[in-house]
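Reviewing the structure listed below.
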């Protein structure tokens, strides 16, 4: 028995008012979907939360037409300073309803309430607030005077940060003067649908934001719709590739935020306790369902043993369990399907001779769970060092020199993020220069901010989200 | 007495700073706009494209690591040499494009000026395209532009020199290396440019020029996993352009779609940049 | 020995301020089960070094404080005693008179709080305190020497005081608020442990900032790592500025998660405090009776 027990301190569910079923949000109204409704479940309990409509071809067309109408008649012609006010309103409402959003996100996604409450939802509000201020300052966005919005944006987002990804997509699109049709992920549609309610509360003109729920097919219909001007996708590299093929030869602008296999590089002179925290934050934050997760630990051989000892001790204090419990550090895997993928890929680690170590924690009987796990003795040739696991599984590799660290870090088709831990300033800058990745976290990891551009090199996609560069993805220069 | 017989030249490809023949051994006849035979050009093949990509990749590390000031100087030096070969270029543009001497002169002048304009961007790019970001926390946060890597370029078919400069210079200044497929019917100014590059300070492999048919070589470049970006500016056939763009998705190449190049514009530089954002805590 | 000492301390890993403070903030959001909270409050009470360090301290004042330390809640015999009473050396006999050998008596020696006196004076101060009955000595390090790089001097003084203290436990006050950087605090912690400290203590309470959660977290990392490296366990005492039960529980959470359960014991973790005790008592009464208590229901000494 531990001397000191933490409470189950569950956040109350009562703040969330779940309906039995949800429709599509098109032209300011909730409407039925033409497809086959599907269920969304709480991954921590397998309890069905609600039934959600599936958008079919006619629904997608209806949504795009509504967005086009709103773009032509209302949102496009509206002065930026007025658009800004709507976005500020949305930012404020999101902050006011933050607890409701946090609880709902945790229910639908399985992430710990600690994260939805302290990371996701505050960033969502911040994202709208930041972009709201841009709406009447587009002349300063770096594209010269009077940049133009693109039109109707088709946006498809993943299940790992359902509401945050919505904010990353919707806020800059609207600030720049576009209208949107957004498809949330099949397993996490609920916060997007609650966001529709926020749009109504803010009296956003109908059609400016449309939300069409569904699975992959609905997304395909949306991005291939001929009247869409801009496609923005966050998700897996294979789907991103398919979308790039789909829009080839069209006039559609495309930004893609895809997979990653980030190296988190720890030098012997690192601030060791913070580095261990950074490793933990890098791979176990959000159960490792993070495209920029530090899933490859590259540790200098001279301190490898020490770092691993410290890491294991730290991992032993991670609390896995009820995501609604405020003391939970590691929540549920988002779906049975994802759990299967993690298990399969981790099994290749065993098969290929890497040594597995998992944090000693009891997994709940119901729901989808995976204990925080590290593999040591991993080489670049292992599948677990090359493929994105998208789960709480860390591959540990070692290096001897900075050059070797760079070579291993860059030896991947991905290039989304990287971490560097050293107390030597000039080495940080040298590493940052050489790493082929869109975000480099030095002596920190997994930090996000609406003012900070985020996005990948190589097969991690193209375009940036966040900051001036993210805004520019929704604008074109006047010619 | 017979008239002097001119020395005809069989032009070769420009790969890795050298002038090899096409490994396929193929050549094709290049004629002036009036149909007069001008020269034989090598017709680049799949393997030539592969070699050119290899050379461009090899050169990327060194070229991208030079200081922007140094790249700017090297590129400016190219403009100096271009200016020195003005008469030859005017003659070639005249022959290729069938324009008056005056027009050809204006074109060559514009090409030199455009080259100078882009050369001057090298050490200003990060100040204009980068950003210091103020984030909501104790972090230093800086976004800087970086070159995307190896860029395959379909040069314009009609504008044989100016069009080429307008697509090539903006790619190079940021530190990218290039594999260019020149105008098929009007390749001679491109070949002269490669001779100029080889005698200037541009390191071998930074620019590789293939004469040949984009429809034949393009798919190999579009599908090549070690090419990072594809500039389709010079692809006139919409179906070919679509197929190349679709093929480029294999490794998520950055693609610039066909169109008339805008002379001297930042928007020609930015499609071939990556933005890297570096975070660091601020503490004592 | 001073060169090897300095070299050893230089090899300590650096501390990133932002990361350390973020970790402390994260741990302070833990919430505790009610039964654990009762246990934690009693544990916290038993860890208090009930302290008065004023120029106006008198025999009457410290006798009252000692009585309070023995029986913090006179109405409830199940309430644990504090760990010790902490006073100036000349007040030690009056405390001992009240507590006998039922509580520890700590004396701040070595020209507390500034430490600015010749070594002989510091040693005499220490010896006098022990002779008067103190079984714990809270000494201050020479921050001036530390900041000017004379680590050997700091080290040797601790060794000398430890010797003068004899069998009394030695708590070494780093005065973290004056050391300024976390790197210095980690280095000073190791230096004190190497010199024989039984406890490392954050502050005198006379300098702001005194104890903070990140500083304590850092010192807990130091004692954890020191035990791994040498096998010897050293205690930690945050002092100054911890006033509420809520704060005390945050500290215990940090102890639990950073150093581990072995330190959740008055022999290895103390709070240097005065007003904290009453807040703990009021919170204890609230948990037992279900009513919020008020200052009239705890003794003011």
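In order of appearance the chains are A, B and C, and numbering begins at 1 in each one.
Here, a contact is a pair of C-beta atoms (placed from the backbone, for glycine too) under 8 Å apart; a residue touches a chain by one contact, two chains touch by 3 or more.
These numbers come from a predicted model, not from an experiment.
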Chain pair with the higher count of C-beta pairs in contact (A-C, A-B): A-B
Core chain by centroid distance, with centroids computed from Cα atoms only: A
Separation of chain B from chain C, taking each centre as the mean of its C-alpha atoms, in whole Å: 70
Centre-of-Cα separation between chain B and chain A, whole angstrom: 37
For chain A paired with chain C, centre-to-centre distance based on mean C-alpha positions, whole Å: 44
Residues within chain A bordering two or more other chains: 443-444
Residues of chain C whose C-beta touches two or more other chains: 16, 18-19
Interface hub residues of chain B, defined as touching at least two other chains: 137, 139, 281
Parts of chain A lying in touch with chain C, wherever the complex brings them together: 2-9, 114, 118, 269-274, 277-278, 317, 326-327, 423, 443-444
List of chain C residues in touch with chain B within their complex: 16-19, 180-182
Parts of chain B lying in touch with chain C, wherever the complex brings them together: 137-139, 281-284
Residues of chain C that touch chain A when the two form their complex: 13-16, 18-20, 22-23, 29-36, 39-40, 221, 252-253, 256-257, 261, 264
Interface residues, chain B side, partner chain A - complex: 128-129, 131, 133-137, 139, 141, 143, 148, 225, 228, 238-239, 241-243, 245-246, 248-252, 254-255, 257, 262, 267, 274-281
